[in-house]
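What follows is a single structure, and I will ask about it in a moment.
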Amino acid sequence: MRVAVERVSKTYADRRGASVEALRDVSLTVDAEEFVALLGPSGCGKSTLLALVAGLLAPSAGAIYFEGDLPPGRAATAMVFQEFALFPWRTVQANVEFGLEEAGLPAAARAARARDLIQLTGLAGFEARYPHQLSGGMRQRVGIARALAVDPAVLLMDEPFSALDAQTRQLMQEELLQIWERTRTTILYVTHNIQEAVYLADRVVVLSRRPGSVLATVPVGLARPRAEAMLGAPAFIAAADRIWSLIKSEAREALREAGA
Amino acid sequence: MRVAVERVSKTYADRRGASVEALRDVSLTVDAEEFVALLGPSGCGKSTLLALVAGLLAPSAGAIYFEGDLPPGRAATAMVFQEFALFPWRTVQANVEFGLEEAGLPAAARAARARDLIQLTGLAGFEARYPHQLSGGMRQRVGIARALAVDPAVLLMDEPFSALDAQTRQLMQEELLQIWERTRTTILYVTHNIQEAVYLADRVVVLSRRPGSVLATVPVGLARPRAEAMLGAPAFIAAADRIWSLIKSEAREALREAGA
Amino acid sequence: MSARLSAPDRTHALERRAHPVVRVLALRGVVVLWELVTRTGWVPALFLPSPSGVVEMLASGELLVHVATSLRRLLLGFGLGALLGVSVGLAVGFFSLAEAVGTPLIAATFPIPKIALLPLLILWVGIGEASKVAVITLGVFFPMAINTYTGVRNADPLLIRAAVSFGAGRFSLIRKVMLPSALPMIFAGLKLGAGTALLLLVAAEMIAANAGIGFLVLHAQNLMETTKLMVGIVLLSFLGIVSHWLLVRLERLAIPWKA
Amino acid sequence: MSARLSAPDRTHALERRAHPVVRVLALRGVVVLWELVTRTGWVPALFLPSPSGVVEMLASGELLVHVATSLRRLLLGFGLGALLGVSVGLAVGFFSLAEAVGTPLIAATFPIPKIALLPLLILWVGIGEASKVAVITLGVFFPMAINTYTGVRNADPLLIRAAVSFGAGRFSLIRKVMLPSALPMIFAGLKLGAGTALLLLVAAEMIAANAGIGFLVLHAQNLMETTKLMVGIVLLSFLGIVSHWLLVRLERLAIPWKA
Amino acid sequence: QAAGVKIGVLKLTSSAVIFLGVEKGYFKEFGVEPELVFFQAAQPIAVALASGDIPVGATGLTAGLYNVVAGGVQIWIVADKGREWPDHNLTALLVRKDLHDAGVRTLRDLKGRRIGVTQIGSTFHYNIGRFLEKEGMAPGDVELVPLQALPDALTAKRLDAVATAEPFVSRLEAAGAGVTIVRTGDTFPWQIATVMYSDRFAKDRRHAVALMKGYVKSSRHYFDAVLTKKGGPAYDEVVAITAKYTGAPPAIIRRGFPYQDRDGRLMPGDVGRQTEWWLRQGLIKKAVPEQAIVDESFLREALKEMR
């Protein structure tokens, strides 16, 4: 399925009447089976955009469309959260089943489907654990399994690995790519790490500082399947440099404003 | 004043009777007016060693001595903590005065001395603020001012800047060096960042994994006053490389054990 | 080209409206309804006195002497209980010997509903004011001691080590680290204790007194003077609200670093 | 060469010894002292009955009928209050309209010491069991409603958004996110409520009952039977300890993810 | 300089002898300065005596008092302060007016009904128990309801009957709230009220005897003024004093003064009868022999010197 974000703006109004313009006139598309990374400085509205696509927020202007057939029983979107957002009172198994419960699947079907995804994400043997008994990397596997379980037409990932340490992060990126090779789910992936964006995505959409708007879309000319060795490839470096030059001035300004 | 740590070991015994050997047979010295960095992997006993020097813990074996004259009224040691450890219920001024109160200084003398240090650490104008009203960098300035206020013969710093973001950290390192140029206080500085250790110290003592013992002492052949430009100097790179090679195998093993 | 769907709108499940008008009207609506129900005589005044009747009797001030009596008992008992509770809590929290002696004793006596001690207290300190004040003191003592103890024990060990590293001794530690650390818990205890104190006051006055709001309420019931009964209840609610409000103000003053 | 000092030893200020012997002896010591003081007749049994006398009467089981009566009232009142409190707390926490109506009403009625309502309740539902159960119900209702409400309102918004993103509707949210989120607060409320319930039970039984431990205590005071009085107090303390222990066990079962 | 002595009393007609002694200065004459402390019921006076709040009490004999002594705290019964006596009824059982009109007129008619008493173990409890026994009924045949503000509760129809004392008996009758069906003195004479000393005061022999002297003087005055005749200025004076202290209108006081011995002598053996009965009811836990609680030696010593 294809996602089309058309001239979307979002302004938050807080209780005291002050308003924050998070996104301004953003248009972008994610083609079917495409892996698009959304990159931008902190606070530029990346999470806001994902929430809009997931239907958790309504845009202030513009619209978001899904194009293509959505077989009945298949979810349009599913989200993987930076802070994992697992239900602490559910075991791994029950967490993975959550979306399936809401979709109304019978218990047996739920259990079977969850087992598949637990297998796929390398969680076998941990079904009965509670989230607090898992390491960070394990927890995010649960988050991914829970999202993939509902077989979403579009998978939304909001900095899914940024809470993990460097080693685990690397490992999880590899695994995500492997899973993607198998499922070919359309993915919109938020990050503020340039390396990560280039390594994972087919295209990188770069957003400006708040209010976020699209600075440029950078295609990544790297073959698939990707491998760690490609981190030094000329195509990698070209894309990364291009993106770096785009956000350098933005980042500098941000730093200056933040102060010590 | 000179610090001599002589064949010190420390084993913790927890309530259930299990014991953890944190340090094994550690000997090191810090000469008067010397800036020594203590470097080692996480959990190797760096904080334990500082606590032993500060008298907050008693060694299981070995002894720690201070050599040289300690003028009356001058504190032997003062500590700067990684998590700042400011008293939330005290203003900046009152936090800086804490050690002076315990030393029994009269109120007027306390206020004057605190004012000097608030000036020195760039906190002027923030005297009446509470810690929660300050940024991380500001808070650690208070921590440093509080420690310097008692005019310690030895200043103990336990990863003082590791809770700060990269930019602030850089800035604070510069300021620490400036202050040190002026006060020439003997400093024992704990870090697990190689760059930082080399940039700041005269000598870097490298500890092994737990139980911590001295792997080597690496002298840093960089001139003083230090400047950011020296980060690329051959002497810098030599020292950093030497340290890196010392702890690489240690670090690898640690990573392997930690797992994903 | 295939189907084009709008994104699903899930915002309704997250939405929370403020309903400011309802919020203001709710309480007033109940009072108005109450007045109507009693005015029309649909519910006899014996079962439910009218709000206007209650306000009238309140305004007449004839019950002020009872309020004064109750207030004196309350303040005395609460003050004593808080003072003792905080002192014991600090001692038990700080000195390991006091903890070893204190915690089992407190754990064994804390669960007794304090009002049950009233008869015993009457035997011990006499039937006069002392027994009522003592019941309130006991009722306030326990939450205060336990909260202070918890606050002290949960004092950040890092701050304790920082203070010690600057040469703080035991009494410095108590005064400069433990006590301020425990202040939020102490105030939580005071708020809890205020409710308990009021409850115990009323119960004690109902059981063994001939003045005070509790006495007033029970006496009014014996005489089936429902309006007076309701006035007593309104006065007590008022006392509760005022004491809580005072404690919240006091807390803000005492803990400026938690603004 | 100049002076050579050992590092200052500051560990004594940080030291905490366990005093296991004192801890065990403290309570026993008090009981033994108490027995001695009464045995020697230094304090007459009227003021302080001997522990052995108390144990004897406890063992005789003659007071079991009072315990049964009190227990029935307690369980009924506590159960009803908890059920109502959690339901109202969930509703007020989740539905903004219920919140707009509920919060001002609860804020206005919550500070009333519930025992003061006993006379009114006697008027409304009669002097029998109903009024005592109702007082306990009210006493438990408020902490439960307020704690549940707080728990629901403090549910992690991220988890709510996660649930909604997977298509959860309002009732799914309540059942699968709000309720489990509020469970720790609900149990805190239950523990608080258990204490209040016991206190109200005793007070109500002292004021208007002819059975139950509260009645027993007051009756014993009227007749100056201090041993019986003390037995009542010990029974109440025991009830308090047991109910708290049960709630702690139940909490562990109900919240396995906080092990 | 007279020594101050607190005396715990109730605001009842039966305290007239004490009021009289205070008002006429009889106590002061012998070197004691009484300070009256008013209580709501007899039982708290026993508590106050036991806890040392007051050295002297003048009130009814309750089960609680006997339990105090059984519990190891000595209290001494030293003199008569009012008896239930034929034609001198101190307490009575009243039935609510409307019930009386509906035919509830005897103790038997009250079977299963709610009778208000101040407290379990009180003198009223003893009265009703003894009445029931005389009628061949059991204590469980009626429901005793301990309540504060008894007379008001009958007026408010919260009770079917009430056992109470003068002046409330007369007041309730005058107000048309209740009708007396049993007068205690006519039915069952007994030593209902006494003067009591705490052990500590009893050990202060000089003042303990001095107080008795004042008491005997007051008692004789009382006996001669109100028990032997029913009028005259002396009678009116006692009425006025009693009215002043109890707050009851003189007309109601006139309805009756309780009988007591002219010299304050106790009814021989009656305290023993009472403790026996309470023991049988299970309301006192062990026997209290008369000599363990009655001590008339103060009275005897006072009388000897006052011949």
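As written, the chain order gives the labels A, B, C, D and E, with residue 1 at the start of each chain.
In this section, a contact is a pair of C-beta atoms (placed from the backbone, for glycine too) under 8 Å apart; a residue touches a chain by one contact, two chains touch by 3 or more.
Quantities reported herein were computed from a predicted structural model and do not represent experimental measurements.
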*How many hops, at fewest, get you from chain B to chain E via touching chains?*
2
*Could you tell me which two chains share the largest number of C-beta contact pairs?*
C-D
*asked:* Taking each chain's centre as the mean of its CA atoms, which one is most distant from chain B?
replied: E
_For chain A versus chain E, what separation do you get between their C-alpha means, in angstrom?_
89
*Where chain D and chain E are represented by their mean Cα positions, the distance between them in whole Å*: 43
*Would you kindly tell me how far, in whole Å, the mean C-alpha position of chain B lies from that of chain A?*
40
*Chain centre separation in whole Å, for chain C relative to chain A (CA means)*: 49
*Per-residue multi-chain contacts in chain D, two or more chains*: 10, 14, 46-47, 161, 164-165, 167-169, 224, 226
*Listing for chain A: what residues touch at least two other chains?*
54-56, 77
*Would you please write down the residue numbers of chain E that are in contact with two or more other chains?*
47, 50-51
*Contact residues on chain C for chain D in the complex?*
10, 13-14, 16-20, 22-24, 26-27, 30, 46-47, 96-97, 99-105, 108-120, 122-124, 160-161, 164-165, 167-170, 173, 195-196, 198-203, 206-207, 213-214, 217-218, 220-221, 224, 226, 229-230, 232-233, 236-241, 244
*Would you tell me which residues of chain C are touching chain B in their complex?*
156, 158-159, 161-169, 172, 176-177, 180, 183, 255-259
_With touch defined as at the start, can you tell me which chain E residues reach chain C in the complex?_
39-40, 44, 47-48, 50-53, 147-149, 152-153, 155-156, 158
*Could you please specify the touching residues of chain C with respect to chain A in the complex?*
1-11, 14
*Write out the stretch or stretches of chain B touching chain D in their complex.*
52-58, 63-70, 76-77
